[in-house]
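We call the chains A, B and C, going by the order they appear; numbering starts again at 1 in every chain.
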Amino acid sequence: MRLYRAVFANGLRRHATYRAATAAGLLTNTVFGLINAGVLLALFDARPHINGYDAADAITHVFITQALLAPTAIMGPPLELGERIRTGDIATDLMRPAHPLAWWLADDLGRAAFQTAFRGAPTFTAGALLLPLDLPADPARWAAFTTAAALAVLIGFALRYLFALAGFWLLDTRGLASLLFLAGPAFSGVLLPLVLFPEPLATTMRALPWASMIQFPVEAFLGKHTPPELAAGLARQAAWAAALLALGALATTRATRKAVVQGG
Amino acid sequence: MTTEPAIRAHALGRDFTLSTGPLLRRTRTTATAVRDVTFTIAPGETVAYLGPNGAGKSTTMKMLTGILAPTRGHLTVLGLPPSRRRTALAARIGVVFGQRTTLWWDLPLRDSLALTRHLYRVPARTHTARLDHLTHALDLAPFLHTPVRQLSLGQRMRGDLAAALLHDPDLLILDEPTIGLDIVSKTAIREFLLDLNTRRNTTILLTTHDLSDVERLCRRVILIDHGTLAYDGDLDGLHALAPAPRTLVVDLQHPADPLDLPGARHLRTQGPRQWLELTGPPAPAIAEAAARHPIADLALHEPGIEDVLARLYRRPT
Amino acid sequence: MADTPDRRPAPPARTYLRLIWTWSRAMAQYPLSLAFLGLAQSLSVTIELIAVLTVFGHARTLAGFTATEALLVYGLAGTAFGTADLLIGQVERLGAHIRSGAFDTMLIRPVSPLVQLAADEFSPRRLGKLLPALACLAYALATADIDWTPARALTLPLLIASGAAICCATWLIGACLQFFIAEAREAANSITYGGKALTEYPLAVFGTDTARWATFALPLAFVSWQPALHLLDRPDPTGLPEQLRHAAPAAALLLTALAALAWRTGLRHYRSTGS
């Protein structure tokens, strides 16, 4: 456990060195938040209520989304693991007395923790200062959101881990990467809140793991669910995280065997 | 033939401003990379530009190629001021960086060389002849169709050399051309450069950490240290500048305690072999050693240029 | 002496074409990968289009624009940015080239480093972004209620070219920031991709203040908004004079000049600091 704490801390510190990049990212998130909020404000000005959302919900959705982009890495970047597999450096990683999945998870959680504190939270604060966002007074909503956001980070990691491991079997993973980081924003609620999409498209999108990374945490923040619905949503997130991580562990075993057989 | 020098640097200097600290309380400090350097290189010379890491070698190379503008002093390369006439100069010089390629990473070597021909506007007929010559001389044929990223370091360096020479430059600037190469590749590249200099009278200026490059290739050495010129002359003169002692290597038949011999200082021991630095004539020391222990073998090493430079670099300035 | 190299520098346009041709040929060595990446880029444009249509499906009209008219705005913006992305999109990697030393190798060749930078690793997959945008523009031009006078028809190419030039210039200015701040790439994104997002909707949607800024500070209004007003022959809902819609070429020239200045200043800074 102490090993993984150290890996976590290392992941956190490594990102802390990119100060200018963090500030630039914060600026970008805020600008995009304002642009997306502008479109939705105009829309809700024309139609004040759409499928349970109002204008305040919509712009809060936009800034929660911008705040979650970096921690969940839903639009990238991919894990460095992929590059290490491509260059063959992975061989040295496999010799470490640690499970690669746990190692990279600890590292990525360090990154996510840094991004939450120094990019996500400031982005949301900027949005709250510039626009009348819906800030929950109920601590239960904050707690539900925090749990949902943490599970979203886990799902984000699991997806990128599986993608990185695909490098063991695919010669060129760039096409796969472009699809992964295309599907993410489209199906999660980044592009538009999923409530705006017509049926059955909206239901289909909600059935995919990406909805658990943005749309559900946003709805937890907005208090859109009854307690049983909330519990079911969290359970669905946990199930996605568990299933994808299990798949990741399985793929790790296969990949390690392949690496050993081929000599790295 | 013009008698204009290939390179003329007079009181050349280059400072860098470093900003450190947090954004609002930045402190600016000025660091001098090249303080005051003066030298002239005639056409056809082969010159090694040496110095310890951080002495200002790379900065000088960047000024010579026009990448960096000098802070002070006067510099002409092939009669042109590099920083103001960079493009015109670029067409007349060849540059090779050992640490990074000037070829296009994802293109096959052949495409890279073809592109180079267009960028340097080499006529097709000339190009074909020269490419044939370089392909033969540098043995490029086996990997002409391989993307540069898949080449070994030695192959890549030969490709880089070909790219730098396709337009028949008057001056070839090489920054660490043999770094990381195996002995065979190194030798091949040295012989090629020597031949280039002899046949085409191409001026060659190179920086290197491998002093065999210097011994084989360069008749002249310019040594830079702390941004100033420490030496400019031939190799022998460099030896005289900081005379280094000879080393005696004694192979005893059995391992023994460190030898204490007249006119020799014990350096180190490895099994039955011992190294001694000679402070006097070798004969008494050898006689004494033979008298004390059965000796299997003996060797006397003349100081290499590495030793000379090591002593020079360690000297306080 | 016909066999000595021509020591005059190669013309930039020819160098550029030569570079992108070489790169395209190299990329075509992997046709499947190229097709896949191009398809992914087309999909990204299609998804954005679906978003625009979804928003207009709920609202019916925004800022007086119907869905078809919104497609005209999106098509103009997508075409302009798609062209800029295709032609010089690679300049955004300037910071990475500086860090790796690759930019120095561009400086030791006898051709413009800007041309080399813009053409570096050119890939036809970027057509994947331009083609759907062009299709969208063609559809909107055919179906929107446009009074096709000869004058209007003749100004269309000029408007499109001006929009593309503005996008190229914006992209270059964003990239030049990286001469001064190495990690500025993402900050530049808020100008380039942010500008793209802004021009994809009728500008008046964002309110009068934003429209003013995007007209007079960073003239992105001339990419899609003013051209759309001109084509549809509609008064500006933010109240700016109608003469402004003829200013697109002037705005393009001005911003291009500014971008050239930014490049020269950045390059001089680089060569005087070496950072």
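One rule holds for everything that comes next: contacts are C-beta pairs under 8 Å (C-beta built on N, C-alpha and C of every residue); 3 or more make two chains touch, one makes a residue touch a chain.
Just so you know, these numbers come straight off a predicted model, no measurement behind them.
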Which of line, ring, star, complete or other matches the graph of chains that touch? line
Measuring from CA centroids, which chain ends up nearest the centre of the complete protein set? C
Centroid spacing, where centroids are CA-atom means, of chain A and chain B in whole angstrom: 50
Whole-Å gap between the CA centroids of chain A and chain C: 29
Give, as an integer number of Å, the spacing between the C-alpha centres of chain C and chain B. 45
Listed in rising order, chain C residues that touch chain A in their complex are 30, 33, 36-37, 40-41, 43-44, 47-48, 51, 54-55, 57-63, 181-187, 189-190, 193-194, 197-198, 201, 205-207, 210
Listed in rising order, chain C residues that touch chain B in their complex are 2-10, 15, 18-19, 22-23, 25-26, 100-102, 104-105, 107-112, 121, 271-275
Help me check something: in the complex, which residues belonging to chain B touch chain C? 16-17, 59, 62, 65-69, 83, 86-88, 90-93, 95, 97, 99-102, 104, 106-108, 111, 114-115, 118-123, 125-126, 147, 167-168
Under the touch definition given earlier, write down the residues of chain A that touch chain C in their complex. 18, 20-21, 23-25, 27-28, 30-32, 35-36, 38-40, 42-43, 46-47, 50, 172, 174-175, 178-179, 182, 185-186, 191-192, 196-198
